Structure formats: C-alpha cells, structure tokens
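Each chain carries a letter (A, B, C and D) given by its place in the written order, and its residues are counted from 1.
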Amino acid sequence: SAEQVAFDEKIDADRKVEPQDWMPEAYRKTLVRQISQHAHSEIIGMQPEGNWISRAPSLKRKAILLAKVQDEGGHGLYLYSAAETLGVSRDQLLDGLHTGKAKYSSIFNYPTLTWADVGVIGWLVDGAAIMNQIPICRCSYGPYARAMIRICKEESFHQRQGFESLMTQMRGTQAQRDMVQDAVNRWWWPVLAMFGPPDKDSPNSATSMRWGIKRISNDDLRQKFVDATIPQAEILGVTVPDPDLKFNEATGHWEYGAIDWDDFWAVVNGNGPCNKERLATRVKAHEQGQWVRDAALAHARKQKARQMKEAA
Amino acid sequence: SAEQVAFDEKIDADRKVEPQDWMPEAYRKTLVRQISQHAHSEIIGMQPEGNWISRAPSLKRKAILLAKVQDEGGHGLYLYSAAETLGVSRDQLLDGLHTGKAKYSSIFNYPTLTWADVGVIGWLVDGAAIMNQIPICRCSYGPYARAMIRICKEESFHQRQGFESLMTQMRGTQAQRDMVQDAVNRWWWPVLAMFGPPDKDSPNSATSMRWGIKRISNDDLRQKFVDATIPQAEILGVTVPDPDLKFNEATGHWEYGAIDWDDFWAVVNGNGPCNKERLATRVKAHEQGQWVRDAALAHARKQKARQMKEAA
Amino acid sequence: MKAPVEYLLHLADNALILGQRNAEWTGHGPVLEEDIALANISLDLIGQARLLYQHAASILGNGATEDTLAYFRDSHEFRNHTLVELPHHGPLAGTAIADRDYATTIARNFLYSAFMLLLWEALQSSKDEQLAAIAAKSLKETRYHLRHARDWVIRLGDGTAESQRRMQAAFEHLLPYTQEFWTASPHEEQAVRDGTGVDTASIREAWEAEVDETLREATLVRPDAKGYVPRGKVGLHSEHLSYVLAEMQSLARQHPGATW
Amino acid sequence: MKAPVEYLLHLADNALILGQRNAEWTGHGPVLEEDIALANISLDLIGQARLLYQHAASILGNGATEDTLAYFRDSHEFRNHTLVELPHHGPLAGTAIADRDYATTIARNFLYSAFMLLLWEALQSSKDEQLAAIAAKSLKETRYHLRHARDWVIRLGDGTAESQRRMQAAFEHLLPYTQEFWTASPHEEQAVRDGTGVDTASIREAWEAEVDETLREATLVRPDAKGYVPRGKVGLHSEHLSYVLAEMQSLARQHPGATW
C-alpha cells in the first residue's frame, strides 16, 4: 500500500514515526510488547532495590537509594505513557503483567541479599541496561525514543552512583570488601544474560533491526558491555567469577566464558528464585489499592457532577 | 432456704464449694466475673511480654521468656476451665473480653519498651500478682482454689526468674543498669495500683470477704508487697521512684507516697497507652483464627459421621 | 544562638521516622503515581532530618554526625512524636501484623504536615539562624506534603462508602495522638524561653481550623482527641518504635565504624 | 569424632530459625491451645539449636558460644534451609506485609518435621557421639511436632472448602522449597564421608511416602516440587532471612559484649 511505502521510506530515511502516523500492525504490536515489557521491568525493578531502603546504612545512601527507586517508578510512568500513544491503556498493560502474559526483565527475579547488591545493581544491571537502551534513543518510534533519552540520562547517573558506592565500600573494612565481591559473584552471569540469547538463537532480531526498533545485536552489545566493565572491575578491585575471561590482544576485546543459558531460560520461564514473589507482590499491591483507585474515581465523578450543577 | 443455710455453714467451716453444690446466684456471678477477669488477664498478659520473644538477647533468655509466656497461656486455660464449671462456656467468656464487657488487669495496658521490662514484669508484676493470688488458693470455690495453687507455684518460679534476670543485668554494663532503673521507674506506680483502690473506696470487698473469695484487703496486700519488695530493690541496686518512701521503725512497715488514682482509673476506663492495641490484637487473632476453628469442627463432624457409618 | 540539641533532635527524629514509615510504601502503593509521591515526601523528610541532625551534631561535637545520631541511639533516646512511629494500620500490638492501610498513612501525613506547616512558618524567625534557614526550606516542602495529604483526605472521605469508612477509622485511631503536639516537653520549654523554638499553643487555633475545615470538606465527622496523651518526645514511645529502629539500624550496627 | 562445624550449624540454624518463626504466633494463634502448642514446638527447636550451637562452639573454641553463633553471624553465614526462614504467608517480596496464614505454618512444620524425624533417627548412629545424643533427644520431640502438624494438615485439608483451599495453596507454595532437602552441600558430603552425617538420599523414600500418605488422607492434591532449587544451606538465602535476623539480633548487637 501507499501507506506502507511511506512508512518504509520514513524508516529508511531514519525519520521518526509519530503516534498519528500510519504504521504496520506488526510494528505497533512489537513496540507495545517491547515498551510495556520495559515499563514492567522498571516497576518490578523497584522491588529488589526497594528491599534495602529501610536498612540503608547511612542517611545519605538512604536518600540516594530512595530517589533512585523513585526514578524507576518515574521511568515506568513515561514508558506506560509512550505505550499508551500506541492505543493501549495502562489498565490493559498492567493486566498483562498481573496475569503473567507480559514479561519483564528476568534480572529482577534474583534477590538482593546484602547492601552491596544495591551498588552492584547500579553498576552492572544499570550499566547493562544503558548499553541496551542507548541504541533505543535512536529508535524509529518518536515517543519511545524521547522517553529513552530521558531514561538513559537518569540511568547513567544511577550507574555512576552505584560505582561510587562500591568504591567507598571497597575502601572500607574487609567485611565490606567481601560483601561487594560476593555480590559481584552472584550478579555477574545473570547480568551478562540480560543482553538476551546469542544472535544465532535470536530470530526476532532481524525484523526489529529492519524497523529501526533494535539497532545493535545481542552479542555485540554484550561484548561492548564486557569490554567496558572489566577495566572498571579492576579499578574497584573486584574480580568477575569467570575463569575463562581473558583479554585478546589481537581483537582488543575481552573474551568471556560460556553463559549457562539453561539457567537463563529457567528464570525466564518462571523458575528463578523470586519470580513468584515479585509478581505476587505486584498483584497484591494492585488489589489492595483497588479501594483507593475506586474512591478517587468516585470522588472525581462527584466533583464533576457538582461543577455541572453549579454551571447549570 | 435450707440450701442457703448449708452454703453458709460450709463457708463458715472453711470447706470448699464444688461445682455440683448449690450456691447463691450472686456468689456464682462474682466468681465468674473474677475468674474470667483473671483468665483474660493471663491471655492479654501474653502480649506485653511476647513483645520481646523475637528479640531476647540470648538463647537462654529467649527460651525462658517463651516458656513463661506459654505458661500464661496455660494459666488462661486452667482458669477458663474453672469458670466453665460455673456454667459459662469459653465462647461466652471470650465474647465478654472481645466486646469490652469483661475487664482484665490494667497493668497490661502499659507497653514493654525495653528488654529490662521483661525482668521487671517478672519481679514486680508477677510479685504483685502472687501477693494477690496466694489468698485465693484458700478461696471457698474448689476449682478456683486448686487452679490458683498450681498457678501460684508457676508464678513464683517466674518471679524468681525475673529477679535473677535483673540481677544479671545489674551486674552488667552501665547501659544495662540504666535500662533496669528506667523500667523500674515506669512500672513501680502501676504495680502498686494493681492491688486495687484503697479499702475505703472498695465497696464490693466486704461481700467477697464474707464469701471467702477475697481474704485480705487491698491496702493490706499492697503494704505486704511494698514491705517485701523494697529490700529486694536494695539487693538489686535500684531505687523506686517515690521520694516519700521511708521505713517506719515503730510499725516495721515501709510507708509509701500517694498513688495517682486518677491515672489508674483513666487506664481502667480505656485510656491507657495500650488499651486499644491490646484488645484489637486479641480480636484480630480471634477473627483470623475463625477459619481454623471452623475447619477443625467440620473435620470432627466428618470423622464422627464416618465412624458412625462404619459402626452401622 | 543555638537551639537546645534535644529540640533539634525532636524535629529531626520526627522527620526521619515519618520518612522511614512513608518509604515503606515504595513498590506497594495503590497506584504508581502514589508510590512516587510518597517516595518524594519521604525524601523531603529525610533531607530535613539530615540538615537538623547535622546542625545538632555540630553543636554536640565529640565525633557526632548525622549518622551516629540516626543509627546509634536507642529508642528511649528518640524524641519524635509517637504519632509518626505508628504502623500503617489501626491499633495493634507491636508483634501483630496487618496489611498496610492507605487511609492511615494519609490521615497521619495530613495531621502531621498541617502541624509542621505552621511550626516551620513560625520557626523561620527562630533566633537559631541555622534552624530558621532549615525551617524556610522545609516550609516549602511541607506545603506540598499538606496539599497532597489534604487532597487525598477529601478524595477518600468523599469517595466511596468503603473509603469513607476507612478515613473515618483512621482519624479515630490517630487524632488522640495529636494531643502530644500541645504538651510542652522540657526541651520545648527551654527553646521557647530562649527564642529558638515555638510555643505550639500559638499555632493551635490555626491547626484546629485546618483540621475542621478539611474533615468537613471530606464529609468526615471529627472525632474527639481524648484519652491517653502520648509522650514520645520525652522518650516514652509506643512498642512500635523499637521495631522500626531494629530494622533501620540493623546494617549500620552490624558494621560499626564502617564508612558507606 | 566430631561432625564438621558447618554441618552442625546447618542443623542448629534450621532449628533456631524455625523456632523463631513459630514463636511469632505467640499471642496470635487461632485458638489458645495452638498458641501453647506452637510455643512448645518453638521451645523444643530452640533447645535443639542450643545443644547444637554449644557443640559447634566447643569445637570452634576461640570464645565462640551458643550466643555468638546465634547473634553475631550475618545472613550469608547462616546454613539453614530456605524453607524455614519464609514468612507465614504465600510468596511475597521481603518488603511486603501480609496477615499470617496458619495453613502455611502447618504445612511447613509438617514438611520439615517429617524430614527431621527421619534425619534424627539416622543421626542417632552418627560417629559424632554428642550429635548422636542430641539426635536421640530431638527425635522424641520431633515425633510430637510431626504428629501435631500431621493432624492439622488432615484437619484443615479435610475440613471446610476454605481450609482446604488454604492448605492446598500452602503446599503449592512450600513444596518446591523441599527440593533443597535432597541436594548435597559440601559440608553434608563431608559429614557423610566421615560417618558423622546422613546422606539424605537414604531417607527420601520414607519422606515421600509420609507426604503422599498424609496429603491423601487430607484430601489434598500433591503438587509438583519443581522450579528453583533453593540454596539456603550454602548461605544463599531468600530476602526474608536478613529481616528475621535484623529483629532477632537487634538487642544483642545494641549491647555487644553484655551478659544477660
């Protein structure tokens, strides 16, 4: 169709698709799935870090962590709004999450066992997320790209804070250093898996690339992340739990060992340490908030009725 | 009536009234009120001490405290059973508690703010309770008297444990000693009020005395308690918060200052620091246990039906 | 001129403990916007607490810092109003558990911020210049907190039958705790005498009017504030504070002397 | 011959943490007799923990006592099964709050005591004589715990529709955690090798039979024990343990070095 041609031209010219523009149904669906999955990840992601707000070991760190988790809620809001421009309501999106139909990033199905996990999530998880997200700032769909620009800025800030927090802990007592190393050991492999399955097992990627939704392949992003992170680990004074890790002078890249994809898929498919807890917590908050949302609606209706009466 | 004469003779001869014996309705009612009030006190009394089980500072103290609170539950059971011999069911008794009609000892409307409170409750509250209860071991109503004998034995044990625990704390750090003194300061006056209003304001006492339910007057018990306790305080190395306290060489008694009866009545009438919390906690436990009790009944009925079917 | 340290701690502890309580909603709010709003309020409160602790610590010297004051004092040393330490549900013993109730959270935030708005306003003319500056900053934040809480009191009071029942119950539970606003602790009396503090009697009328007006608009019946008068600000707390502190201080106390 | 310290700590931590959890019902049970029964079970468990810690402490030396082991280790040093640290409700994050559910408590006590009955039985012939003696004592107590839990599983399973729904949900939540019973940690392997410990594979069949038989009698459907295999006994716990410890250890850590 003419619309399809116009759309393809826009994509080829690297111009933005906007909500009022015509778009192929599959493009719309892919975007809704990806944006909502991203939004859900922000919301579920509030839980593992939220787990340490009440116990943050200094007031400064408490404030930083609370602000960070609040930012994640804010990212969730932008992203739900971006998804809404594609014609789905927030209720529909939440329903997808609560019924288990929609996914969220599997990384949040791991528990935060110590305070050091907060720093490591900032450094590694946010670091990986940024690697994944920076290309999306150039995504073909305007509202998504603009939301991502804002989100990436804030995430970089979080990542620096996480690194700085770990740096302080590594300069501290032996117990603190041990805690950081232990956290790195637990998070390293799940973080590498965040970039998704190897390119050879990632069949949907090609279409997304074509549509300008995805810009760089999983394996390329993963390599970029490892190359950026290992020198940081050295600065911190921690090691990553990979006996096969070595620097290849010829390629200039860090080569890493085999990722346990069975474990990754187990977690994706619901069998991680916290999948049930994360989802049930979200569902409970939603259900227990029902009376509050109902009341807000009822009050708004009453107000409107009163205003109309006054106007009449 | 002849029954009344026989009852009076029994009382005068200091023989026991038993469940199957005739008794005046007012005697029965007074006993039900007093025994159930006592039972409720044991049950509500589980809350303030139970507040420190999870945080007891050593495993030995955790076990001692848990056993003590368990004993209180046991006392509640004996006493509900004693009350049931007078023709009221446990459900009726609990209903009286939950609706606020029945009273319990006002002392349990104070919070336990530190670990030292646990020791002070053992030493002072249980000490005062024993003073109150020992005469009841000679009470005219058999089942009540027998329950009290058992309870008094266990309470004396608790009192010694409380004192011993405080002794250990007083031999410890300055922070521990301060904690004990602070607890004594908070509990002293409420404990003195446990013996009830002064004799001149205690109109029901005469009848209870006549019936052999009460044996010693409030003021006499209170004096006995103060005389026994002040030397113990000296051994511990704590003071009681009474600037007017002095030993009267002539009478051989410790004279104590004026009790704030307004405060006492405020707490009795529902305005203590924890009245609402104590009662609401009990009601919530009862309500949330409903499905368990229902299930136990339903299962028992099913079992019985099956047995009858087998027998048939 | 410096305010009495205990007076500063009273103000700081109020902010910290209520900040800690409000942060408990993070990830569990009734709607995402409220998660964010409560985290925001909590952040402001923790920020106020930090400034006040820093000021108190500089007066105390001897190695005191905002963190030694927040993490290494025991419950009887805390000077906050009992109101701010209560859990987000009706009256229950410290060992009981119950779902969080948003009406309780909102009612408390309303009662407290209506009070603090007036207090910060007056404290802007404290003879302790640093406290006056903190008051000016906090006043702006508290305006937003009060607006947020007030809007929700009205929305929930004049919402559904269920929400009205809950808001009414929350005020019946909490209003008696506000009696502590009007009692004078020794450190408050001292602060009033030396011109660094505010006599709360001077702001009572305005507070009562705000409560009356808001509850009226929310179609709620204003309950009596009677019964036990709490004494948290002289260190006599409810059973709940020591649980809040056990959790809040656990990590800091596990690593005494560590830097974070 | 002494068992590996980590093996003793594993047994002790199981008993302590489950004792701590069961004690949370004190004053909140569904009927007074159950308050008493759970306190009793909790007392037995704490008693078992004390004997095991004392034994471990005597091997460790260096000033270790039952209390340094219980109160001054951090969560990653605890060696208990994840099962025993979970709160008394369905799956929820550590920061969530929910009413205690008696079905969850009963299902856990059943699964754990059915396992420990067999383990204590076998441990009576441990080459560590002290451990064998503790096993003999604990075995008697565990018989009672199992009977109590088993009776209630049947009563609640075969009770009302509501109680059956709750018991079924509790087993669906908890059964996957029992997978940890059958994985071998390094300290267990070592204990098996040196004859002080028991290979849990040897008791599995009897445990499965007990579970099958009880659930059948309770008219419950036995759920699959699949999915994530917990690793609490090597120190990788759920988010819940650190909250349990924060509360349990708070007072002891507030007064380091004090005697109680």
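To be clear about the criterion, contacts are C-beta pairs under 8 Å (C-beta built on N, C-alpha and C of every residue); 3 or more make two chains touch, one makes a residue touch a chain.
To keep track of the chains, here are their UniProt names: C, D = Phenylacetate-CoA oxygenase subunit PaaC.
Note that the coordinates shown come from a computational prediction; the quantities given were computed from them, not determined experimentally.
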Farthest chain relative to subunit C (centres taken as mean CA coordinates): D
Comparison of B-C and A-C (more C-beta pairs in contact): A-C
Between subunit B and subunit D, centroid-to-centroid distance (C-alpha), Å: 34
Multi-chain contact sites of subunit A, meaning residues that touch two or more partners: 47, 50, 53-55, 281, 284-285
Where subunit C touches two or more other chains at once, by residue number: 24, 26-28, 74, 93, 95-96, 98-100, 242, 246-247, 250-251
Contact graph of the chains (line, ring, star, complete, other): other
Each pair of chains that touches, named by its two labels: A-C, A-D, B-C, B-D, C-D
In the complex, subunit A residues that touch subunit D: 47, 50-51, 53-55, 111-114, 182, 186, 266, 270-278, 280-281, 284-285
Subunit C partner contacts - residues on subunit D that touch it in the complex: 24, 26-28, 74, 93, 95-100, 242-243, 245-247, 249-251, 253-254
Partner subunit B, residues of subunit C touching it in the complex: 74-76, 90-96, 98, 173, 226-228, 230, 236-239, 242, 246
In the complex, subunit D residues that touch subunit B: 16, 20, 23-24, 26-36, 39-40, 42-43, 46-47, 49-50, 53, 66-67, 70-71, 99-100, 102, 154-156, 158-160, 162-163, 166, 247-248, 250-252, 255, 257-260
Subunit A to subunit C touching residues, read off their complex: 43, 46-47, 50, 53-63, 66-67, 69-70, 73-74, 76-77, 80, 115, 165, 168-169, 171-173, 175-176, 281, 284-285, 288-296, 298-299, 302
